[in-house]
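Below: a set of structures, written as structure tokens.
Next come two complexes, and both contain subunit A; in the first it sits with subunit B, in the second with subunit C.
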Partner chain A sequence: MEFAGKRSGWSKLLPYALVAPIIAWILTTIFWPLGTVTRESFYNTGFVGTQGSFIGFDNYKTVLSSGDYWASWGKSFYWVLGNGFLQTSLAFLTALLLNRPGRLISFFRTWMIIPWIIPTIVVAIFWQWIFNGSYGILNHALVSIGIIDKPINLIGDTAWSMPILIFINTWHWFPFMTIIVLAGLTIIDREMYEAADVDGAGKWKQFWTITFPSLGKIMFALGLVGTLWSFNVFDLIEILTSGGPAGATTTVPLYIYQIAFENFHIGQASAASIVTAACLLIFVGLFIKFGSPKDE
Partner chain B sequence: MVRAGRLIVAIVLLLLIVFPFYWVISSSFKPTNQILKPEFFPHSFTLEHYRQLFAQTAYKHNLLNSVLVAAATLAFSVAVVIPASFAIYRMKFLGRSLVFRLILATYIFPGILLLVPVYQMMSTLHLVDSLWSLIIINVTFAAPFSIWLMQGFFDSVPKALDEAAALDGAGPMRTLTTVILPLIRPGIATIAIYGFITSWTEYSFASVLITSDALRTLPVGLKAIMGQYTVRWGWTTAGAVLTLLPVVLFFALFGKFFVRGLTAGAVK
Partner chain C sequence: MSRKSWLIAGSTLLAAQMALAGCSDGTSNDKVSPSASSAASGTAGSGSGEVTQITLWHMEEPPNRVERFNEIIDQFNAANPDIKVTAQVQSWNDAYTKFPAAIQSGNGPDLLFTIPDYTTVIKQLGVVQPVDDIVKSLDEKHGFLEAAVTPYQYDDHVWAVPAYGMVQVLWYRKDLLDAAGITPPKTWDELAEAADKLTTGSQYGIALPASKSMATDQVLYSFLVTAGAKNIIDGNNLITFNSENIVKAYEMYAKLLKDSPADSNTYTWGEPQAQFNAGTAAMAIEKGQYLSTFEEESGRPSTDLGITTMPVADGGEEGSIYYSNAIMMLTDDSAKQAAIAKFFDYLYDPSNYGNFLNAEPGLFLPVTEDGAAEGSSFWSDPVIAKYKDQVQVLLDASKNGQLFGFTNGVASKIGQISGPNYLAQTLEQITSKGASAAEAVDWGQNQMENAVK
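Right, the complex of A and B next:
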């Protein structure tokens, strides 16, 4: 029985009263700003707090014809694909190692999530300290074993900054992915592996024929949510490179931020946000249409 | 052969996770004249950087602000999530799936696209440069995921218990407080930690919504310390250690529930 027995007015209203606070909260903090951003995208507002005048679709024309905006999409593709590949690989590797009973294993299962829960600023400091171009330990190690002759500032290097930032972000996020994959692994029926052992299937084959397909639903959710979350990353990039050097790490969120808070074109930033949201919506639609796992 | 390979991979992964912690923590205790030298094992130990961090920077204020915002986020988030989860997972009402979908959509919504309009909204409400603005937005980011996490915990309480309570004449609210809540204490701990951590680690909105030095939270304050004194690695590493300490302590106490809660929520 779910509480629906008593049909008095109060008990009918109760569930609405219970969800009201969170709904009000979401409407205020998401839908109100969504309304504002839509409206501002048609105004030539500059600084925050000023009011521009209505200019129709001009902001959209500016954004859609801006080479910098589309270049930031290129960086975002690189960023999302790099993170997706690296995080998924590391998460599977870790999850398969930890998917067995044992006291020590269970200790690791809890504590390996630690890189995910620490603040991004701390993650940034960790790796900036290790990768530092003048006295970082990595450069020291590479020089002393003779791989490079003189230290390189990896984070500030046009070619290296993106892969290095992807690595750092992966370090921050793969533990979360691992937990989700582990959760998926625990629901796979052990007997399937036993049957495969009897049939003489090797571990590698078992992974691709049993483990991987069984995780369909979870991989789908991870693919969707993980892509959006990676796309969304702003703080790590802003702290480490602010989008530089020379725009090498200016992904879409960084681009929008710079237009709004550094170039003071709130209107254009709003139009860019709307176009971006529309692209993401299309991605979500396509992903759900073509990526949904089939129910057997 | 397979065993040895597995062991090597495990050790590499372990080092990958542990080394950055070790390196920053050990650096923070090295005297200034040794911190830049890449010595793996420090041979002298000092608390100088920590002392200076408290005495000469805004660290104390940043810490207090972060604690206030995180505590309030935790409280508000638990206060809105528990009743909403109870209604969504335990009651039938028209629009239930719509509410659930709205909350899930919020959870995957790219919040960064709201940075500009949220700033404008807070400016309209005269909340820019107020800690309230951070509390409000942190709850928005913490609550939807927390509701998702609660599903596993609510499902673990048999519905038969609700029925028994109803037969004894308990109304829904009494059932929630006397039957369900005591049984899902680990779940409450999980969403409380999640709220705390979300707020404690938040950087983007805190960097835009807070404009005065006195109201900065730790991550933004630490960025300022780092930017102003790029050479002061002693302060930067000590600040990093103190910033991650509360999260680690919190996690040491409740981490088990947290990971279990994540796992329970994920398989749904």
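Right, the complex of A and C next:
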């Protein structure tokens, strides 16, 4: 275009100047730490702040041959799948219930988000008071009505600790998913349901043929981001169990933290981070390739 | 670039960032020299007539301790207008993760509270200054207890000034033992029998921590000492954990856990004390913090708070875990060092030292001879005065105190054992994974050997 060809030098630079701050921010906050971790993964650095020596791929060999590292992946799978299933089911159920008019519905739509806005530390303490093996309300209630005769130790039990953590995390996060699903439901054309009614389709069939497919793009985004968020949850697990008992809730982020700051192997933890990031990148690639909704 | 490509690129970046964010410590390996650290921390005292600023970090977070420390420091500052010591409260939770970065970037303190194994870790940063002269001078005036200084004495220097000692004993509810007709146990057999007999209805014989924590490490170590197995690592970092006596100690602990509340494997410091004060548990093994809260929390008279030294196994030895908390000097500025020496002189004066210790009466024990002497300010605190007999037991127990990693030379890699709580993790092998004590101890030996490689 003639106009574009006459732009001054400053006009040509302006777009670059405008994006420069965000590029600098990304370089500083993403690529610099990423570079530091990558570098550390080739050093035998122990305690934070000390100088290690270059050891090539030894940290990677240690991590890849570590039974504890792969065991933590098992815990992470359990954690992610458990959260994914429970949160999705609960979010759909709640969103469908709230996707209708009514004064009470409006009230619940507003207050339903409370669990999500509570800080994680409060959530952890709150549920600890309920599940605590000595003074927990749940134990007190169960003993009072005679279902059990002695308090049960759910958080400290190797079999129960992970399901309990998944339950608490689901309670904390399902309102967020509910809001997203609800937003998706409100934009589905009502006429499609009316047409389905005329054709004699029941509610169940309407859900699977209209509702669910219409939410495909939202579910794709939630599936991708939600999985990554869920995988990287650290605070709730650290506060409630610190990965215990006996490693029963040591997911990958917990494992990396323990190796870095309890076992004092920063180099090894860095290598574990790189390997983990690579695995997540593969997951992202596969999810996008096979999970992305097809444009019709 | 298509929308799909942007999505892929964005998601890739997000995945990488999320996975890596947790590990980066945000520091490079380039060291900042101690002098740079000092300069950055705000020395204003190199010239005459200026106020020398000293920053002190301690990790004693309870408000009563913070208040008392501040009182002592304010009194010192008032008496020394040319020096200003400023205390900043930190958390032990940040000690291993954030302090090193702060120190390396020049934002660390001039004085930092420590415990023996933490000193071996921080010393690796190359900023800890020897305090031989200060300790020698204080020792001549006040007489340091040997057990308090030894864990900080290696590599030809003393690396921290001992501040107060802590020792474990067996606490018991006299009212509950009397009601059951039980005398305070002196041996392991008596302890097991008492715990068993006192476990009845909703009451437990004893409350023990069994989580992966320092609290569990410490109580376990008291059992190791009394089993006659205090040496688990020597000065050359050789692990000697897998022994018959240690297996015996773990068997005993696992046995006692049957008389401890069901959720003991989630307990750290506070829970056993809460159970003890509530009367739900009749015995507990801990340090001296039980004195100050007993009457208020239990609603029982002070005479119901029983204390005895750690019961001993057949063929074992008397003792329990004991360690001194200390203060490291991180500045190499000579003006600051002179001011710090003056501060220590003030702190250890018997008329001040007791007030400092009684920031937490009974938990913080004197590490100097004149600090514990009759008539010193230590004994004037109302809690100490009320529980004088109990405090005397604590002081006597200190004489047989031991600390793992410092019993057979100083193990420079003890941090690698205490950091991951391998003593407690060994117990978890029994309590959560169903291993026998022998299998668990064998597992512990392997873990510790790998840790110090």
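The definition used in the following text is that the second predicted complex is superposed on the first by the 271 of 296 C-alpha atoms of A that agree within 3 Å, B and C clash if a C-alpha of one lies under 4 Å from a C-alpha of the other, contacts with A are read in each partner's own complex, and residues count from 1 in each chain.
Here is the rule we go by: a residue touches a chain if its C-beta (ideal position, glycine included) is under 8 Å from a C-beta of that chain, and two chains touch if they have at least 3 such contacts.
What you see is a predicted model; the values in this text were computed from it and never measured.
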After the superposition on A, what does A:33 contact: first (subunit B), second (subunit C), both or neither?
both
Taking the superposition as given, does A:126 touch the first partner, subunit B, the second, subunit C, both, or neither?
first
Could you tell me if A:117 is touching subunit B, subunit C, both of them or neither one (first, second, both, neither)?
first
On subunit A, which partner touches more residues: subunit B or subunit C?
B
For A:51, select first, second, both or neither according to whether it touches subunit B, subunit C, the two together, or no partner.
second
After overlaying the two complexes on chain A, where does the subunit B footprint on subunit A coincide with the subunit C footprint?
30, 33-34, 36-37, 48-49, 224-225, 228-229, 231-232, 234, 253, 256-257, 260-261, 266, 269-270, 273, 276-277, 280, 284
Can you list the residues on subunit B that touch subunit A in the complex?
2, 6, 9-10, 13, 16-17, 19-21, 23-24, 27, 36-38, 79-81, 83-84, 86-88, 90-93, 96, 99, 102-103, 106-121, 123, 136-137, 139-140, 143-144, 147, 159, 162-163, 166, 171-173, 175, 197, 200-201, 203-204, 207-208, 218-220, 222-223, 226, 233, 236-237, 239-240, 243-244, 247-248, 251, 255-256, 258-259, 262-264, 266-267
The subunit A residues in contact with subunit B across the complex are 1-5, 11-12, 14-16, 18-19, 21-23, 25-26, 28-30, 32-34, 36-37, 40, 48-49, 90, 93-94, 97, 109-115, 117-122, 125-127, 129-130, 135, 137, 140-141, 171, 175-176, 179-180, 182-184, 186-187, 203, 218, 224-225, 228-229, 231-232, 234-235, 238-239, 253, 256-257, 260-261, 266, 269-270, 273, 276-277, 280, 284
Okay, in this complex, where on subunit C does subunit A touch?
4, 7-8, 11-29, 31, 96-97, 100-101, 103-104, 121, 124-125, 211-212, 261-266, 271, 275, 280, 415-416, 419-421, 425, 428-429, 431-433, 451
For the complex, which residues does subunit A have touching subunit C?
30, 33-34, 36-37, 43, 45-52, 132-134, 150-153, 155-156, 158, 224-225, 228-229, 231-232, 234, 241-246, 248, 253, 256-258, 260-264, 266, 269-270, 272-274, 276-277, 280-281, 283-285, 288, 292
